[in-house]
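The following pair of complexes shares a single chain, subunit A, combined with subunit B in the former and subunit C in the latter.
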Partner chain A sequence: MTPLAVVAWQEFRNDLRNRWVLAATGLLAIFALALAFLGGAPAGTTGVGRIDLLVVSLASLSIFLIPLLALLLSYDSIVGEVERGTMLLLLAYPVSRAEIVAGKFLAHLGILLVAVTVGFGSAAAALAFTGDAPGTAEWAAFLRLCITSVALGASFLGLGYLASTMVTERATAAGLALGVWLLLVIVFDLVLLAALVAFGSDIPPAAVEAALMLNPADVFRLANLAVGGNVSEAAGMVGIGAELRLPASALNGVLALWAILPLAGAWLLFRRREV
Partner chain B sequence: MNSVLSISNLSKTYASGFQALRNVDLEIRRGEIFALLGPNGAGKTTLISIVCGLVNASTGRVLVDGHDIVTDYRAARSMIGLVPQELTTDAFETVWATVSFTRALFGKKPDPEHIRNVLEGLSLWDKRDSRLITLSGGMKRRVMIAKALSHEPQILFLDEPTAGVDVELRRDMWDLVEGLRKTGVTIILTTHYIEEAEQMADRVGVIARGEIILVEEKIELMRKLGRKQLSLHLQKPLERIPQSLEHHHLELSADGMYLIYTYDTRAERTGITRLLGDLNEAGIRFRDLHTSQKSLEEIFVDLVRDRR
Partner chain C sequence: MTHPSLALTGVSKSYGSVHALNDISLQASAGERLALVGHNGAGKTTLFKLLLSILRPDRGEIQVLGKSPQAARAAGSIGFLPETIAFDPAMRGIEALRFWARLKGLPGSVAEEAMEKVGLGEAKRRPVRSYSKGMRQRLGFAQAILGDPHLLLLDEPTTGLDPAFRRIFYDLIRERAEAGASVVISSHALSELEAETDRIAILGGGRLLALGSLDEIRREVRLPVMLRVVPGPCRSSDIAATVAPEASVTRRSGEAVELACEPEAKMAVIRRLAGLGEGVKDIEVLPPSLDAIYAQVTAGRAP
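Up next, the complex of A and B:
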C-alpha cells in the first residue's frame, strides 16, 4: 500500500469508531426511511413516481445533514491531531503533507459514501420492494442525488479542513465549522430571500444565479431539483429550472469546484504550518 | 569520519522572531550514541524537529546518509526513527496495529516476524492485543520506541527518553539503547540528565541559545564536568597563599577568609587529604568547610560565556 492509501485506510477505521459519525449516519437512515414511507403519500395524486418524491425529500434532508456530517468528520482532522500530538509523529514519516490531507479526504469521502449508501439506499430499497418497480428516469434522479450528496459533503469536508488548518485549538475549529454550517445552510438563503423581497426586480436574474453559485448547498439544490423532469415538478421548481441558464453539467462542475478549492486552500495552509 | 548525519550552517528563526538555532554544524558518526545536552529552550528539540521534517529550517542543509531532508525527504525520513518526548498515541488502537501501521507508512511490506522481534525486545509481546489506552506510561513509551523501530531505521532519535519516568524504567531504557547500539543503529538522544549521557553516550554535544558550543568525547566532557570546589572558611584572614601550598593551585578570596581548592572527582586521587595535611603543617586553621559542584546549567552558561 502507498502511504496515501495507508493514511486513508487508518483514518477510515478511526472514523468508523467515531460515535458522532455513527449517530449522524443512523439519523440519516432513520429520516430517509421515514421520508420514504411518509413522504410518498402524495405520489398517487401528483402522478410523479415514489422515487421522484423520495429524491425531493432526501435532497432537502441532505442539505441539512450531509454538511453537518462532513463538518463533524473534518473540523478536527488537522488541529485535533496537532493538539493530541499525533500529527507530529505522522509528519516525521515519509509522507507528504499533501498525502496526509488527500488521505484524510479520501477516508472521509468513503465515510460519506457509506452513510449515503446506507441511509438513502435503505430508503430506496424499501420503496422498490414495497410497490411498483421504479422506472429508469427515477433511478437516474436517485443516483444523481446520491452522487451530488457525496459531492456536497466533499465541499463541506474541504471547508472543515480549512477551518481545521486555520486555527490552533479544536474548540475554535468546532465553532468555526458550526458557523460555516449556519451561514451556508441557513443564513445565506434567508439573506438572499430577504434581498429578493426587498429589492425584487431590481436584482438581475444573473446576479441571483451568481449568488446561488457562492453556496454549495444551493448549487446542490439546483443540481437535483431544478434540472427538469418529474423531480422538478414534484419540488415545484420547474419555473426556476426553466430560467436557469447553467446546464446540469455546469452545476456539477461548480459543485466539484466547491470540493476542490477549499481542499486546496487547506493544503496550502497546512503546508506552511509548523507543528 | 563516516557520517550518517551531516548538518551544516543550520539556522532557524520562528515567525515570532525568536532565533532557535544559529549556524549549527554537526556531524554524527555511523553507529555511535550521541547525546545532545542543553538547558530548556536551548534548541535541542528544534534541531531534531528540523532533521525529522517537522520544522522547516531558515537556512542550512541536512543530509541523512547523503539524502537531503528537503529535496529527498522520503529517502531521508525512511532512515530515521523518532521517539518524541510526548507520548502521542492513538488511544484506541492495539499495540500490534499501531506498530504495523507505522511500518506501512514507511512503504515497507508487512513483516510480522520483525514486528514480533521488536515487541519481544521491548517486553511488549504480551501486550500486543492491548489497546494503548490501557497501558501504563512506561509501556506507552516502549510502544513509541517500537513504532520508531518498526521500519528498521538506521538512525534513532530519542527526545528526552527518560523525562518523567521512574528509576527502573530509566535503567531499562539505558539497557535498551545499549542493545540497539549493538545492532548498528545510530542513536541521537537529547537529555537534561548528565548521568544519562554518562551512562550511554560515546560523544556529547552541548547546545545553548541555539548554538552548538562544544562536541566532545564523553570521557573528556565528564572530566570537565566532574570538577568540584572545596571552600575552607579560615579562622584568621590570609594576606597571601603560603609558598608551601602553591602546588595545590589554591585561590584566595578577596577578603582573605576563604581558600578555594578545585579538584576532579573522577581523578584517582582528589588531593584533599594531602591539602588538609599541608594546611595543618602550615599552621592554617579553618572553622568550616564545604564542597560545591556547578550544576549542568551553570556549566552551560560558563561554556557559552567562554566562547564569546
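Up next, the complex of A and C:
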C-alpha cells in the first residue's frame, strides 16, 4: 500500500467508525425518499417522468446539503490534527504533505460517493420499482445528478481544506467553513438576483454567466437543471437554458476545475505551513 | 566510511523575531545516546522538527544518517516520539500501531511485536480511550521503534511512565543503541539522563551552552566536588582544620560534615582525611549532579 492509500484508508475507517458514513448516507436517503414519494404532486399531468422530477428535487436538495456535508467533513482535517498534535507525528513519517491532503480528500470523496449513491440511489430504485420503468434519458439525467453532486462535494471539500489550512484553531475553521457555505449557497445568489433586479438590462448576459461560474453551487445548478430536456422543463429553467451559451461539456469542465482548484490551493498553503 | 548519525553545522532557525536556534553545531554517532536538556522554549522541539525536515533551517546544514533530513525521513530511518502523543481515541491500540507500521511500509506483524516489547500485548485490542497516560506514552514509544530505526528522536519520553516501565524503557533504548542506532532524548528528568545517556547537550536561549560527556562538562564548569565525611572520635572542627585551605565545611547534617573542594584538590583532601586514621569513619564523594551543572550553565539565561 502506498502512503497515500494508507492515509486514505485510515481516514475512511475512522469516519466509518465515527458514524460519518452512516450519518451522511442516512441523511441523503431520508430526504431523497421523502422527496421521491411526497414531491410528486406538483408534476400533475405535465408528462414529466417521475425520475426527472426526482432529479429536479434532488438537485435543489444537493445544493444545500452536499456543500454542508463536505464542509463538515473537511473543515477540521488539517487544523484539527495540528491542534491535537497528531499532524506532527504524521509528518515525521515517510509521507508527503501532498499525500496527506490527497489521502484525506479521497477518503472524504469516498464517503460522499457512498452517501450519494446509496442515498439518492435508494430513492430512484424505490420509484423504479413502484411505477413504470423509467427510460434511458431519465436514468442518464439521474446519473448526471449523482456525478455532479459528488463533484460539487469535491469542490466544497477543497474549500473546507483551504479553511482548515488557513487558520490555527478549529473553531475559526468551523466559522470560516460556515461562512463559505452561507456565502456560496445563500448570499451569492441573492446578491446576483438583487443586481439583476436593480440593473436588469444593463448587465450583459456574458457577465451574468461569468458570475455564475464563480460559484460551484450555481455551476452545479446549471449543469443539472438548464441543460435541456424534460428536467429543464420540470425545473422551469428552459428559458435560462436557451439563454445560456455554455454547452453542458463546458459546465462539466468548470465544475471539474472547481473540484480541483481549491484542493490544489489547500495543498499549496499546507506546504508552507509550519506545524 | 561511516557517517555521523546526525550532524548540524551552524544551524539557525527563527520564528519572526524569535531566535529559536542560533548557530548550533552538533554531531552524534551511531550507537550514541545524546541527552538534550534545556528550559521549555530552549529550542529542543525545533531541533527535532529540523531533523525531521518538518522545518527548514534559515542557515546552516543538516545531515541525518549521511543524507538530507528529507531523504532520511522518506527512507523511514527515523523514529520519533513527540512530546504530546495523541491518537484517535476510538482506535484500538494495535490498529493505531498497524497504521503507523503500514506508513513505514512494514508488515502488520511488526506492530504486534512492538506492542509486546512495550508490555501492551494484553491491552492491544482495547480502544486507546481506555488507556492510562502511561499506556499511551508506551504506545507512542512502540510506534517510534517500529522497524528498528537508525535514529530515534524522543521528546520528553518518560513523562507519565511509572518507575517499572521507565526501567524497561531505558533498557529498550540501550538495546537500540547497542544495535547501532543513535538516540536523542530531550527531557527534564535530569537525574535519569545522567545514568542513561553518553553525552549531554545543554541548550539555552537557542544556543548550545555545553556539549560533552557528564565528566567533560563537569570539568569545564568547574563546580566544586562535595565530600560527605562521618567523623569518628575526633571533632568535626578537627576535620575542618585538617582539610583547610583546599576544602571548606559547607554544612553539618546530623553526625556528618559536608565539605566542598576544587575537583583537582579532591585526592589531596581525601589523603589528608585518611591521615586522621580512626578519626574518620566514612567518606562519600559526591560529584556535581547534572541538576547542579544545568543550573550553573543556564544561570541567568532566558529560555
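FYI, the second predicted complex is superposed on the first by the 264 of 275 C-alpha atoms of A that agree within 3 Å, B and C clash if a C-alpha of one lies under 4 Å from a C-alpha of the other, contacts with A are read in each partner's own complex, and residues count from 1 in each chain.
By our rule, a residue touches a chain if its C-beta (ideal position, glycine included) is under 8 Å from a C-beta of that chain, and two chains touch if they have at least 3 such contacts.
Every value quoted in this text rests on a predicted model; they were computed, and no experiment measured them.
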item: Fit or clash - subunit C, subunit B, common subunit A; value: clash
item: Touching partner for A:W20 - first (subunit B), second (subunit C), both, neither; value: neither
item: Partner chain in contact with A:E274 - subunit B first, subunit C second, else both or neither; value: both
item: Contacts of A:L88 with subunit B and subunit C, given as first, second, both or neither; value: both
item: First, second, both or neither for A:P3, with subunit B first and subunit C second; value: both
item: Footprint overlap on subunit A, comparing subunit B with subunit C; value: 1, 3, 6-7, 10, 14, 17, 84-86, 88-95, 274-275
item: Residue ranges of subunit A in contact with subunit B within the complex; value: 1-3, 6-7, 10, 14, 17, 84-86, 88-96, 274-275
item: Subunit C-facing residues of subunit A, complex; value: 1, 3, 6-7, 10, 14, 17-18, 84-86, 88-95, 274-275
item: Touching residues on subunit C, where the partner in the complex is subunit A; value: 15, 49, 52, 54-55, 73-76, 78, 80, 82, 84-88, 90-91, 99-100, 102-105, 143, 153
item: Touching residues on subunit B, where the partner in the complex is subunit A; value: 14, 52-56, 73-75, 77-78, 80, 82, 84, 86-90, 92, 101-102, 104-107, 147
